[in-house]
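Below is one structure, written out as structure tokens; comments come after it.
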């Protein structure tokens, strides 16, 4: 149809789509799903790190971690706002998260067991997130692209901070280095899984590519992450937990082992170590906070009425 | 009246009153109040010590402390049973505790702030309790006297264990000794207050004496505690926090300073550091446990019905 | 291979320590005085067992670590307890569910350990078995009475038992340490405990009018290898505070 | 008397540390995203202030203790914070009530400290005052909106404010340290803060349609002298775990 043709042409010409522009319903829906999933990930992602804020080992590290989590709440806000431009409310999005209908990144269903996990999450998880997100700064939907620009700037800061934690641990006592290695062992594979199923199994990618809301394939991005991270691990003196990992002179990339997709699918299905806790923590926060939100609304309404009465 | 005369005569002759014997209503009421207050003290008294079970410094100390608190629950049981012989139910007694109508020993409204408090409570609080309770093993009401015999035997064990904690601390590092001194500083005066107001201000004592449910005056017992405890403190190398304390050659007792009865009355009125927490913790335990108790009752009733049906 | 035996003993000891720690959190807060006393009893038995296992482990290690060094000076990743026992107390139904699953397994395990080729393990198991057979009787009995009790107690027991089910798989999943112990006759083949456990648990569920969760449900694992849930770190921070804050002191 | 100044600085630092620790327990669990961010903001400001005060205290002491030695290697009886700030988070209403009482006092105190005869204290106070004036505006504003909000929010705010009232007396009760500081012009006369505090708090209560608890109510005390409530020990056990478990490590 003509509208769709014009719409696709704008995208092909690199013109941003804005909230008030016409767009195909499928484009709107896909974007809402993608942006809200991303927003939910920021919000749920506060929890595994929040688990160590009260136990951060120094006041400075505590400040940095707290500020990082605060940034994540901020990212959640930008992204919910971006989703709202597509005609859905934050409350509706949260309801979908709480009911289990909407997803968030599976990586946050793993537990944070030592302080080194704060390093590994920054380094590997934020590192992977950035690789995923940088292309989205150029995606076709304007509000999303602009939100991603802000997000990426802060994320790269977080990734550096995470690496700095790892560096301190690796230069520290043998126990600290062991902690760092253990964290790498536990977070390596889940971080690779963050890029999603391999291209062969990935659905819906073609349409998303055409719409320019998916700019690289999962496997391309995953390879980029491996290539970028392995030398960093070497610099730390840590061993990547993959016996098949080796540099390939021909491809000029690292070859790496087979991902355990059964584990990936299980975590996705709700069987990760912390799926239950994460969702419950969010639902509890929301439900416990109902009186607070309602109270503020009640006050605002009273003020409105008073203003109206004063004006009358 | 004749019944009362005979009753008093039995008491004077040292014959025990038993549950089925006739007794004046005031005797029954006074006993219920006294025994239940004592039972409540055992139950509430679990809380300040329970506060350190999870933080006991060795497995052995943890076992000893846990066993001690278990004994206290047991004492609560004996004492509630003794009170029940007077025609009141445990549920009614607990309701009175929870509503604030019944009292428990004010000493448990002080916080336990360090491990040394486990020592000080055993040494000073259980020590004072024993001095209070030993005479009651010979009180006029049989079920109460028999409960007290069991209680006192275990309490003296607890007091020794508490002293042993103090001894270890006083022979330990300077920080540990400081901990012990600090605990003595905080528990000394409240322990003296456990014996109640000074005789001059004490009400109802005459009748209780005649009934042989109060065998010594508050001040006599308090003096006994001071005389017994001061040399123990000296052996530990600790300083009793009373500048007026000194041996009196003439009386062959220790003279000691004025008790701050304003503090005593304030704690009694509910203004102690932990009155609110203690009572709330008990009420919460009781309310949270309602489904459990109800479930057991429901099961027992089902079993009864099944038995009746099988018999029919 | 003393290293494997050392690891194995730590598992026994850590299970007992962590579970007794959880139980002692109930101190003075149980639903009835009788329950306060019974829970303390179980906690005390487990503490006693932990002390035996730690002492033996320490002797095998030969590095001079006593029971308290073992319990208070290892961090979470060195703990080898089952995920089940570190789960928070929750409601009293949750606490009972956790206890019931563990007790039945513990009983079956100790029963086999009485025939261990290691005479010291056999002796401690013998002594512990008496205690644990009481634990298992008690928790099973309560599951029956509450499951077949009021509507509310039935619902609460079912929810609690469902909730913890995913932590039971680990009890029967042998790893290299378990296999080495079995090969030497020191400990039984773990997998062999599964059928009797399921049978006993199933009977209790049935008497309690409760529904057994699906046998093939997804199971969590990692505790025996030191990969725990987020709960253990908090438990240890509290439990170990004094030993950590006053290193070298005698208490 | 550097010792008195050292003690005084610890009070300022410990208040900030303990309260920021409590606030950070809310991390990711607030009633709205905006609140999560605002609480983190306040916690971050307080952490920053704590670091300044600790560093200065460490310099005065001259024993080589840095901010982390102060925060992580002292036990509860050495902490000098007000009882108010160590109280558990409770509901969000409890957290807000605690914050409101503290913020107003903190603001009034810092305002006076900007005129301290100790130039370093004056400078830190100056910087902190900007942050804390925002804290006090924010918490006062929320008390008004929730007090004059729904029936439920009104009831919850009133209950929370009543509940914590007994911990406010200590803020205005000078002891020897406070008096020494006042005599040297380093800090204000604490008692002089009471009237303006009551005035401001009273105005907020009134705008919030809340009832001010009785001025002459019984007040708890002890925090400034190191005699705390039972809550602080648990807070520190958690907060200090890593520094205690890995002594001497650099993070």
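Chains here go by letter, A, B, C and D, matching the order in which they are written, and residues are numbered from 1 within each.
The rule is short, and it goes like this: a residue touches a chain if its C-beta (ideal position, glycine included) is under 8 Å from a C-beta of that chain, and two chains touch if they have at least 3 such contacts.
As the structure is a prediction and not an experimental result, all values here were calculated from the model.
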Chain hops separating subunit B from subunit A, counting only touching neighbours: 2
Inter-chain centre distance, subunit A versus subunit C - centres from mean C-alpha coordinates, in Å: 37
Multi-partner residues of subunit B (at least 2 other chains): 55
Multi-partner residues of subunit D (at least 2 other chains): 75, 233, 237-238, 241
Those chain pairs that satisfy the touch definition: A-C, A-D, B-C, B-D, C-D
Touch list for subunit B against partner subunit D, complex: 51, 55, 111-114, 179, 182, 186, 266, 269, 271, 273-274, 277
Complex contacts: residues of subunit D adjacent to subunit A: 17, 21, 24-25, 27-37, 40-41, 43-44, 47-48, 50-51, 54, 67-68, 71-72, 91-93, 144-146, 148-150, 152-154, 156, 238-239, 241-243, 246, 248-251
Subunit D-touching residues of subunit C, taken from the complex the two chains share: 75, 233-234, 236-238, 240-241, 244-245, 247
Interfacial residue positions of subunit B with respect to subunit C in the complex: 43, 46-47, 49-50, 53-63, 66-67, 69-70, 73-74, 76-77, 80, 115, 165, 168-169, 171-173, 175-176, 281, 284-286, 288-300, 302
Complex interface listing, subunit C residues touching subunit A: 75-77, 166, 218, 220, 222, 227-230, 233, 237
